[in-house]
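In what follows, chain A forms one complex with chain B and a second complex with chain C.
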Partner chain A sequence: MVNVLTPQTPERAPGPAPAGPAGHGRRRARHRQTAVAYLFLAPALLFFAVFLLLPLGFALLLSVSHWTGFDLGAIDPVGPDNFGALFTGGSTFLVPVLTNTLLFALGTVALALTGSVVVATCVDRLRFQGLWRTLYFLPIVTTVVAVGNVWKYMYEPGGLANGVLNALGLGSVAFLQDPDTALPSVVAVQAWASLGSAILVLTAGLKSIPASYHEAAALDGAGPGTVFRCITLPLLRPSLLFVCVTQFLTGLQSFALITVMTRGGPGDATNVAALEMYRRAFDYGDWGTASAAAFVLFAVVLVVTLAQLWIFRRAGEDA
Partner chain B sequence: MTPPRGPSRRHIALALPSALLAAGCAAPHRGTGRPGDPVVLTLLTHYASGALHRALQGPVDEWNATHDRVKVRTKAVEFTDLLTTFMVRQAAGQGADILHPYCLWNGQLVRAGVLRPAPPEHAERIRRDWGEAAVGAVTVDGTVYGYPTEAQTYALYYNRRLLREAGVDGPPATWPELEEAAYRTTRRDRYGNPLVQGFGLSANDDATTVGQTLALLHAAGGRFVTPDGRSTAIDSPAGRAVLALEHRLVARGASAPAVNVYQAFPSGRVAMVVGAGWWTGSLRPLMGGGYRDVGVAPVPVPAPGARPATLATGFMLGVNTASRHPREAWEFLRWLNADRVTAGNGTAATRMSALQVSVGSLTARADDMRALLGTGGDPNLRPFLDALDYAVPEPNGPGAARAKTLLRKNIEALWTGRRSVEEALRTTRRQVDQEVSRSW
Partner chain C sequence: MTRRRLPWLSYLVVVTGAVLTVVPFLDMVMTSFKGPGEAGTLPYRFLPKAFALSNYRAALHQLNLPVLFRNSVVVTAVITASVLLTSSLAGYALAKLRFPGRDLVFRLVLSTMMFPPFLFLIPRFLILVHWPLAGGNDLFGRGGAGLTVSIAALAVPFLVNGFGIFLTRQFMLSLPDEVLEAARIDGAGEFTVWWRIVLPQTRPVLVTLGLLTFVDAWNEYIWALLVSTANPDLMTLPVGVQLLRDHVDPARTMPVVMAGLVLSVLPVLVLFLLLQKHYIRGVMLSGLK
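What follows is the complex of A and B.
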């Protein structure tokens, strides 16, 4: 049965508003209603203006200016020089900083997505699902500083990770000190820390798949692998899209974990755009290039997000 | 004739942000402003908690009790938030009258117009009564900007027990002795995990990594940047020798930059490490009875008979250009940093010197330090104190913080085998030259 909403008031034919005192009064009432509506919207609009539009405009101004961060009267316009400085004269912003950022985000998404699909599928078949979900969600409610420091100790020579390798008869690895392993090591931690939220979304997605589909497939003789590949994964696509986009955005803007674990080192091996922006602005007082870097990162985030949406749409999924 | 109209929407739209901006950027209101009411000076410092906070509050309370016309109010934030707080408060027109910056930031603060040059009589006093390293730290481009409060020199910490067990009689005085002692004391397990590092080189942060290297560089007679701070000078025989030494120590396993020396040394897993004087105050409570094994010696020099040298870093107290009461602020700073009073052990010293020594730190005045330590005190502080006479101040030009980070990155690239000594020197010179020339 389909519910049909019936309009309570008769529809008025479109046409010019009637002239005369009655039409004038209706216009006034409409204006009054509009004013009241704006009045109610005002707090939200003010919040939006103060905390989003104003900083955005200020950042845009700074990106084409030279400013040391202390005196608002000393903002010195320099045109596009700051953007040029990011990409010329041996600047490290494009390589390795921006490439590290993309690799970090990509690695995090790949690991977290794969891990969460596997874990969510397993959890979906277990008893005490709430308990398992809670356990996997724990890293989300733990502070990044604690997570970063604990993993840092585990990666140290003589730490847990090397202890396991040594117990297996393997030599020690300088996880965070070798430029070849530092970024993957931090990616692994970021993926582990973000697994919980992905599992929550994916288990909800799994629950929304009707059991009858799986039963029908089983009756047709499909094995677990085929069911997973041909039924579960396609129907899980909306959840996967959400996880993919949000994890990628988080990865591109990641800052705290890297600050705690490596401070961008060794050398520039784990330096990412957000950390570079922060240091340029707050440590070196170079707000111009920091703001320019912020807009470059914004452009990258926008392009990557649009690309993800396009890919999923081509695969038949509306965002 | 059109009747006069009220302000249009356009006028309001233009006026409102301007008014808000003007209100935000206006200089802060100090005190009530009523005639006869006292002037209230604000002092922004990183002495935020514990003994340091109490130590500073003592003289401030004394000043407030003995001065009716000018009062001082301290505002404290953690050191990690100090520079950011300077920036935010200054941009909002709420900058403190008196600032307590790390001298590395001085060039940046001067370039931004935050620090007020010391008046001639104060500058003259500072140049006369403080050592070369302390004066250099508070001077930017030949102008003195404040009173040095504390000075940290670098020296060689060593573990007597570990040296003794390896058959090394005493702390090394030269680089060949340092290398020999480092290789003899190093121990690793069969998987390559360091059990004892002969010489600690830590990639912990800019201060640790660069501090160690610059101390050795100065001991070799080299400099990071030229005396005017406008170009790098590390690409020199001394710079080459230091980086080659560090590279050898890492490559031969005597140093493990992966290990945090601040944790490894107190637990007896590092035989020798170059560190700053403040560390003694942390090691003593941390190591308990084990502190007996800790000794401190001057930073080894490349060859016997070479002139000793090391690195000095420090803090200073200066006056904000936005302060409405600079005269009163300088007067308070003179009272705190230059007037001599009778300290705890009956010797005459400045209030700041007494304050620093009471918390186990080093005052920037060597004469006060010697008087306050007397014949007692921690003998491990003496080498740091002696170093005040020959230490070289950390570069503090406008791009100094960035230059320090660039040097740290190149040192780490050398340690991890990403760059050779020559490449590291060349890259450092190119990057730092570009940065400092842009900053000036």
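What follows is the complex of A and C.
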């Protein structure tokens, strides 16, 4: 019954409650709501403490330590040596691993963005939009193990991709075995798999552009190319930015597809930073440099994301 | 006006793209029916000579499918239930309850979405292995296998989802306070309000969140791979099929692998086709895919 006294007005910072019987009841109600709120939040907060903050601190500690595993008491802090080891003494981390990571992300974004802009502008004019969306979405709900293996098999000499090339009278390509074609080949698969969500976002963006803009431009004698360049693209910028940033983020981090298809090979041709981190940790037990690699990649992710936001904002001001 | 221009060219582009998207799936299904000597040989043939089920029988036999299915189903169910429960509880507290520290907690939830998952891979695994008093460990996490002895190891890192809390909180903000207040006046406690009034009205967003979580959990590969290297009894479907591919002669057993893949992809594909509107809305909201 005391809840009757709790008005639905925005509350200020918890301070001394007003005096009198009403204030007393209000304070009790408020205390009870605080207790209930933290009870409801308890599972989430506990999880964040144990599986987010604790791991983060642990990873930071490992990144500046030598540790051979097993005994937690034997972690030996050595300072920034692990970071140094990543970039000196013939280490492959900067070249080709980090450069591969950037190329992988860049290639994926370029392919997926181009493909999705083309398909989305075309879909926008057609019937059966639901059907197209469903079809383009299939790869997104499919496990990376299936995507990776099906494409790996299609890339084989007796697979579908070479079958098509041979049928066209062209020679076979050793897609994943040739160091020159391996990275573009996995980039194509990653772009293939992420096309659906990019199309979804761009289609929604296109729908939000009023048709009257296009009609007005057409009345003024603008051709379809001019309309696309001067009206559609600028108004689509928020959607393009969204696709760009999210796909780039995903591209920088993802290594599941590469693990399934090539494990970074041949040589280091498709090795990326997250996979290098995984292998250093779980294949070689080199926990220190693996953790250092994780933080370097995290820094790259942050810098690239901020840079993209900055570039798009500047471009927006210039337009 | 512009909408009517060049529709045939648009159809050509969209249909070509759709074919490119679907053909790998068809190739997977066709290969899964191919007999011995039919797959991976030149010249390439799309269709199998006969639709034989022998590869599916072989997959059933070689993959220990009942165990893989059980692991996948249990883990996916636990993760989905946990994410829905914790998200709706925390989301309700952040949207509709007043308490000191609310803004701080909300900001904390938002900041959890900033960290990429790879950052936690190593420390989370080490924390599980060194979990005190589990799997033969002593109080300081030494001596045993820790939580990796239990199927919980597969689910634990995914039990709470910052985005899920954010999503439910945003949705619950729009629920009218008057209804909740009326229930409180009638003597309902906060738990009753949450269960009886808030949850039923939050159903659409819970369906979306549940689907996103279900599909992600079912398809998850890296963490499950890691856990199952520590304890092979904990293999899920994706890990088991991948292991089969790695350990056997690829030319002969590729059709068997494809059969295993078809079986592991099918449940999620069916679910997606049935509930795709909810799923697509979720992808739209999250932008994480």
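By our rule, the second predicted complex is superposed on the first by the 267 of 319 C-alpha atoms of A that agree within 3 Å, B and C clash if a C-alpha of one lies under 4 Å from a C-alpha of the other, contacts with A are read in each partner's own complex, and residues count from 1 in each chain.
To be clear about the criterion, a contact is a pair of C-beta atoms (placed from the backbone, for glycine too) under 8 Å apart; a residue touches a chain by one contact, two chains touch by 3 or more.
Keep in mind that this is a model prediction, so the values were computed, not measured.
Novice: Which term applies to chain B and chain C once both are placed on chain A by superposition, clash or fit?
Specialist: Aligned on chain A, chain B and chain C clash with each other.
Novice: Where does A:F282 make contact in the superposed view: on chain B (first), on chain C (second), on both, or on neither?
Specialist: both
Novice: Looking at A:P224 after the superposition, I want to know if it touches chain B, chain C, both of them or none. Which is it: first, second, both, neither?
Specialist: second
Novice: Quick check on the superposed pair: does A:T34 touch chain B, chain C, both, or neither? Answer first, second, both or neither.
Specialist: In the superposition, A:T34 contacts chain C only.
Novice: Which of the two partners, first being chain B and second being chain C, lies in contact with A:R125: first, second, both, or neither?
Specialist: second
Novice: Of chain B and chain C, which one touches more residues of chain A?
Specialist: Between chain B and chain C, the winner on chain A residue contacts is C.
Novice: In the superposed arrangement, does A:L72 touch chain B (first), chain C (second), both or neither?
Specialist: A:L72 contacts both chain B and chain C.
Novice: May I ask you to decide whether A:D81 touches chain B, chain C, both, or neither, giving the answer as first, second, both or neither?
Specialist: The answer is neither, since A:D81 touches no partner chain.
Novice: In the overlay, answer first, second, both or neither for which of chain B and chain C A:E156 touches.
Specialist: Touch partners of A:E156: chain B and chain C.
Novice: In the superposed model, only one of 6-14, 78-86 or 114-122 in chain B has C-alpha atoms clashing with chain C. Which one?
Specialist: It is 78-86.
Novice: Which chain A residues come up in both lists, the one for chain B and the one for chain C?
Specialist: Looking at chain A, the two contact sets intersect at 70-73, 156-158, 162, 166, 282.
Novice: Sort out for me which residues of chain A touch chain C in the complex.
Specialist: Checking each residue of chain A against chain C gives 1, 3-4, 6, 8, 11, 13-14, 30, 33-34, 36-38, 40-41, 43-45, 47-48, 50-52, 54-56, 58-59, 62, 70-73, 115, 118-119, 121-126, 132-147, 149-151, 153-154, 156-160, 162-163, 166, 192, 194-197, 200-201, 204, 211, 214-215, 218, 224, 227, 242, 246, 249-250, 253, 255-256, 259-260, 274, 277-278, 281-282, 287, 290-291, 294-295, 297-298, 301.
Novice: With touch defined as at the start, can you tell me which chain C residues reach chain A in the complex?
Specialist: Touching chain A from chain C are residues 1-7, 9-11, 13-14, 17-18, 20-25, 27-28, 31, 39-46, 85-87, 89-90, 92-94, 97-100, 102, 105, 108-109, 112, 115-127, 130, 140-142, 156-157, 159-160, 162, 165, 177-178, 181, 184-185, 187, 189-191, 194, 215, 218-219, 221-222, 225-226, 229, 237-239, 241-242, 245, 254, 257-258, 261, 264-265, 268-269, 272-273, 276, 279-280, 283-284, 287-289.
Novice: Can you check the complex and tell me which residues of chain A touch chain B?
Specialist: Chain A residues touching chain B: 68-74, 89-90, 156-158, 162, 165-166, 170-172, 174, 176-179, 263, 265-269, 279, 282-286.
Novice: Which residues of chain B touch chain A in the complex?
Specialist: The contact residues of chain B facing chain A are 21, 25, 83-84, 86-87, 90-91, 108-109, 111-114, 191-194, 203, 205, 256-260, 399, 401-402, 405, 408-410, 412-413, 415-416, 418, 430-431, 434.
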